[in-house]
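Listed after this line are the structures, all set down as structure tokens.
Next come two complexes built around chain A: one with chain B, the other with chain C.
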Partner chain A sequence: MRLINHIPNRAGGLFLAALPFIAVLIAYSVASDIRLSANPQDKLLPAPSTILSTAERLFTEPDRRSKDILLWKDTFASLARLVGGVSISAAISLALGLAIGLFPYARSFMSGFVSVLSMVPPLALLPILFIVFGLGETSKVVLIVIGITPFMTRDLSQRVLDIPREQIVKAQTLGASSLVIAWRVALPQILPRLISNIRLSLGSAWLFLIAAEAVASNVGLGYRIFLVRRYLAMDVILTYVIWITALAFVIDWLLKTLSRKSFPWMEAGL
Partner chain B sequence: MSFVSVSNVWKKYNNRSIIERVNVDILEGEFISIVGASGCGKSTFLRMLLAEETPSRGEIRIDGGAPAKEPNQERGVVFQKYSVFPHLSVRENLIAGEGFVTPFGKLFGTKRRVAVARADEMLERIGLNHVADQFPAALSGGMQQRLAIGQAMSARPRILLLDEPFGALDPGTRIQMHDFLMELRDETNMTVFMVTHDLQEGFKLGDRVLVFDKPRWDPHDPGMYGATITYDFDARDGGIPFQMKEETDVSE
Partner chain C sequence: MKLTKLMSATALALGVLSAAAAPLAAEEKTEFKLAWSIYVGWMPWGYLEDSGIMDKWADKYGIDVEIVQFNDYVESINQYTAGAFDGVSATNMDTLSIPSGGGVDTTALIVGDYSNGNDAVILKGDGGIEALKGKPVNLVELSVSHYLLARALDTVGLEEADLDGVINTSDADMIAAYATKDVEAVVTWNPLVSEITGSNPDANTLFDSSDIPGEILDLMVVNTETLADNPAFGKAVAGAWYEVMSLMAAGDEEVLTALAEASGTDLAGYKAQLEATEMFFSPADAVAQARASDLPATMTKVADFLFDKGILGEGAPSADFVGIAYPDGATSGDASNVKFRFDTTYMQMAADGAL
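Here is the complex of A and B:
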């Protein structure tokens, strides 16, 4: 039988899915063990048990000076920036995408500009953002917005263009105005795409967020990682990395569930 | 007298003629079948009737009105596919036929209740009341086309345009759809244009069958001349002079 026709059964599939995680865990444990047995003071690869106890401390014990649990404070600060930036991007790209996709004048006017804009490396603009918007929250949110909006806009406008011409014509024969077509025909059909778009863009959004926090901030997940780097506190860094990964995973799962619940008509087509 | 008048219509893309010198007058309530080989401009002609495209020369008028520049409510249309809105339930698709005219594209309060009642009436008529709350993707091809026709009719157009409406259906469903369409037409006396590449379907349903073909042919430049109406058959009363043994022929 051809390789493409070999399908794992349920148990086998689960095992295969778990295998890379287990492999990484084992590889790390072994490497950490080798280094620690050579030098018990080694900080580069802390033992999994050390990471676990550090994680427990970080999640539960308040800071001695500020009486805040720093990890939660960092999490809320970062999530606020992330959600703010992504929401603004979603709103802008939805409006622009609809306009570019539906109105030929808007397409002539905007689509070239957006294409060029999406080629600008956002991180290169970071110094400018810090100069213009200061070191506060605004510059971090703006970096996320600049980073992901052009890409989302391009994709959404293409998605609007992909709506069959027949539907647009049909809506016109039913007497729909341009705005009604945008509001009742195009918008509902690209909302699922917007969500999958956000899911794809979240990776970049995290990247820009952590970069901005690393450069100038006083609270946030990225800030903390780059702060403790000075003390080679690998256990803290790894805890934060795993925590960020978990957050990203949960957000992605929530968006996926939201998409499935909100757009039953998509599922019927599958 | 004539309800739809097509006078000296040409359509050119760049310098290629697709359609040339089309003249035809249609009476109110006539069912016109448009047949022809593929690429002979019959779909282009339908798109011009729909006002999705405007003629390069000549004009098309409905009931003496001004030539339309874009699709409007005078024209109802059913395409081979993608004619219904996938994100609206079957009932909402029918209500859209009335609601899209409003500034927000949605009906509220009493108006909506009336529209829902009318939609349910239409659902009964097109035999889809048992799937009223489902989405189009869950429907079979024939049901989707029935919905598309019902949706087009609920906007009360002056003419109904069908672009190979049954082209994607299996033969059995197609014959059911013929009966459905004829019943609906007898009830409403709608003027219908139907593009089809199935000659028998064209003659079975149509009062008149218009045949598109290229009367002139330049062997050195096939794109030089466009197609026009080369035959205009009277297909009423079983299509005299064309005789069709309907029961045996169509079931093939």
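Here is the complex of A and C:
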């Protein structure tokens, strides 16, 4: 029998899925143990038990000075920026994508510009962003928007162009106007694409968010990571990294579920 | 086939981790690595490497010393603390908080200079230190800038809580930040200070490090065990350093121009920065600073600041958690946990011409 037809049973599948996680955990514990036996106060690779107790403290105990639980404050601040940036990007790219995909004039006007724009490295423009948008929340949201919108727009306009030409012709023979075609033919087919697009862009969005928070901020997940790096508090950094990973995973799962519930006919394509 | 691939991948992953896992072990050896980052008082480290003066002294003692430049100051200290380097250029405050606070026994091999105006609190517009009340202040949090701000506020009886908070701002973006209208005050260091005060007529320097002389020391710190096992390392580094110092003190234009260019300015600009820096050109002056009677009081102040900000870590029960040893054998902090030592042995050898 060919290898491609060997399918693990349920338990075997679960075991295989868990294996890389276990391997990383073991490799980390061993490395941490080696360093801690050389220097018990080593901060680079804290023991898993230290990370666990640090995590418990970060999640439950308020800060000595501000009396806030910093991790939750950071999480809400960062999520607000992330959701703001991604929502604005989604709205802009949906509108532009539909326009570029459906209207030849819009295509001639915008398509080249968006393609070039998507190649600009936004992080290099940070100083200009600060002068124009200030150092507050706006510049952080704008960085996310500039970072992911061109790419999302390019992809969505291509998806609109991929809609079979026959459907557009058919809608026209039934008397649909351009706007009705956009609303009733293109939009329903693009929305699930938009969600999968957001899922793909979230990784970049996190990256831009953390970069913006590292530059000028006084609250946020990225801010805290760069701050405690100043005294090599890897136990705090690792807790935050695991937390960010978990948040990203949950957001991704929520979007996937939303897509499956709202657009069951697209299931195969997601 | 598949299994071998899997195994080699695992071996690779473990290899990467164990590379991170093995700190440089202290033992007798012949190859040493120092890390440094750009700052007016540390520019000679780059010149030592480029000019071959370091190699000359290393050859004399039969060793090899490599000096590596870092673009990111904190990362250079973190790399030293993690064990990738034998020494690093750092301030007394960051040495106490990162390597010493992290259990790496560290010795100040060379006391290079103290900041005498290179770090400054700058307000946009008129007013005194009291004018900072209720204003946000942009600075690199937990750095010497933060310490300088705390000392400035002390002088007028204010506290950080009286401000509208501090906003952590990357030094790389400080000049751009100053130009935005929501920034009202910044604390930073040279060459950023001279850039900001030079190009903004409204920049008003409220307080600078010349108001707290001798508190912000710029050092070359090395691993204590490595130094103890390899006196030749200490001798070669001190010998090379003071050769360049004597060239600088004599006003050697060629050397000073090389230092200026490496720091991205011209001779005049570099000389202006040097004026705000109390360089210890002569090893005897450096020894005197390390033996200064007020050094323990300064270090205690620094330790209190670090503890107050939570920088000494959660394991720190008090500000005295890390012990600091001075050249005369005295200690401050926990005498049973000495992790930071001021040692004048090698600077004294240079002063005596014994290298």
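Assume the second predicted complex is superposed on the first by the 264 of 270 C-alpha atoms of A that agree within 3 Å, B and C clash if a C-alpha of one lies under 4 Å from a C-alpha of the other, contacts with A are read in each partner's own complex, and residues count from 1 in each chain.
Here is the rule we go by: a contact is a pair of C-beta atoms (placed from the backbone, for glycine too) under 8 Å apart; a residue touches a chain by one contact, two chains touch by 3 or more.
Note that the structure is a prediction, hence the values are computed from the model and not measured.
In the superposition on chain A, the chain among chain B and chain C reaching more residues of chain A is C. Legend: residue contacts after superposition of the two complexes on their common chain; A:V169 is shown touching chain B, with no touch to chain C. Residue contacts after overlaying the shared chain place A:S177 against chain B, while chain C stays out of touching range.
In the superposition on chain A, A:I131 makes contact with chain C only, not with chain B. With both structures placed on the common chain, the touch criterion links A:R260 to neither chain B nor chain C.
Contacts of A:V185 after superposition: chain B is touched, whereas chain C is not reached.
Comparing the two complexes, no residue of chain A contacts chain B in one case and chain C in the other.
Interface residues of chain A, counted against chain C in their complex, comprise 23-24, 27-28, 30-32, 34-35, 38-45, 54, 57, 64, 126-127, 130-131, 134-136, 214-218, 223, 226-227, 229-233.
Chain C contributes residues 10, 13-14, 17-18, 20-23, 25, 74, 78, 81-82, 97-98, 101-104, 138, 141-143, 165-170, 172-173, 176-177, 179-183, 310-315 to its touches with chain A in the complex. Chain B makes touch with chain A in their complex at residues 50, 52, 70-73, 75-77, 79, 81-89, 96-97, 100-106, 134-138, 151-152, 155, 157. Against chain B, in their complex, chain A makes its touches with residues 164, 166-167, 169-177, 179-180, 183-185, 188-189, 263-265, 268-269.
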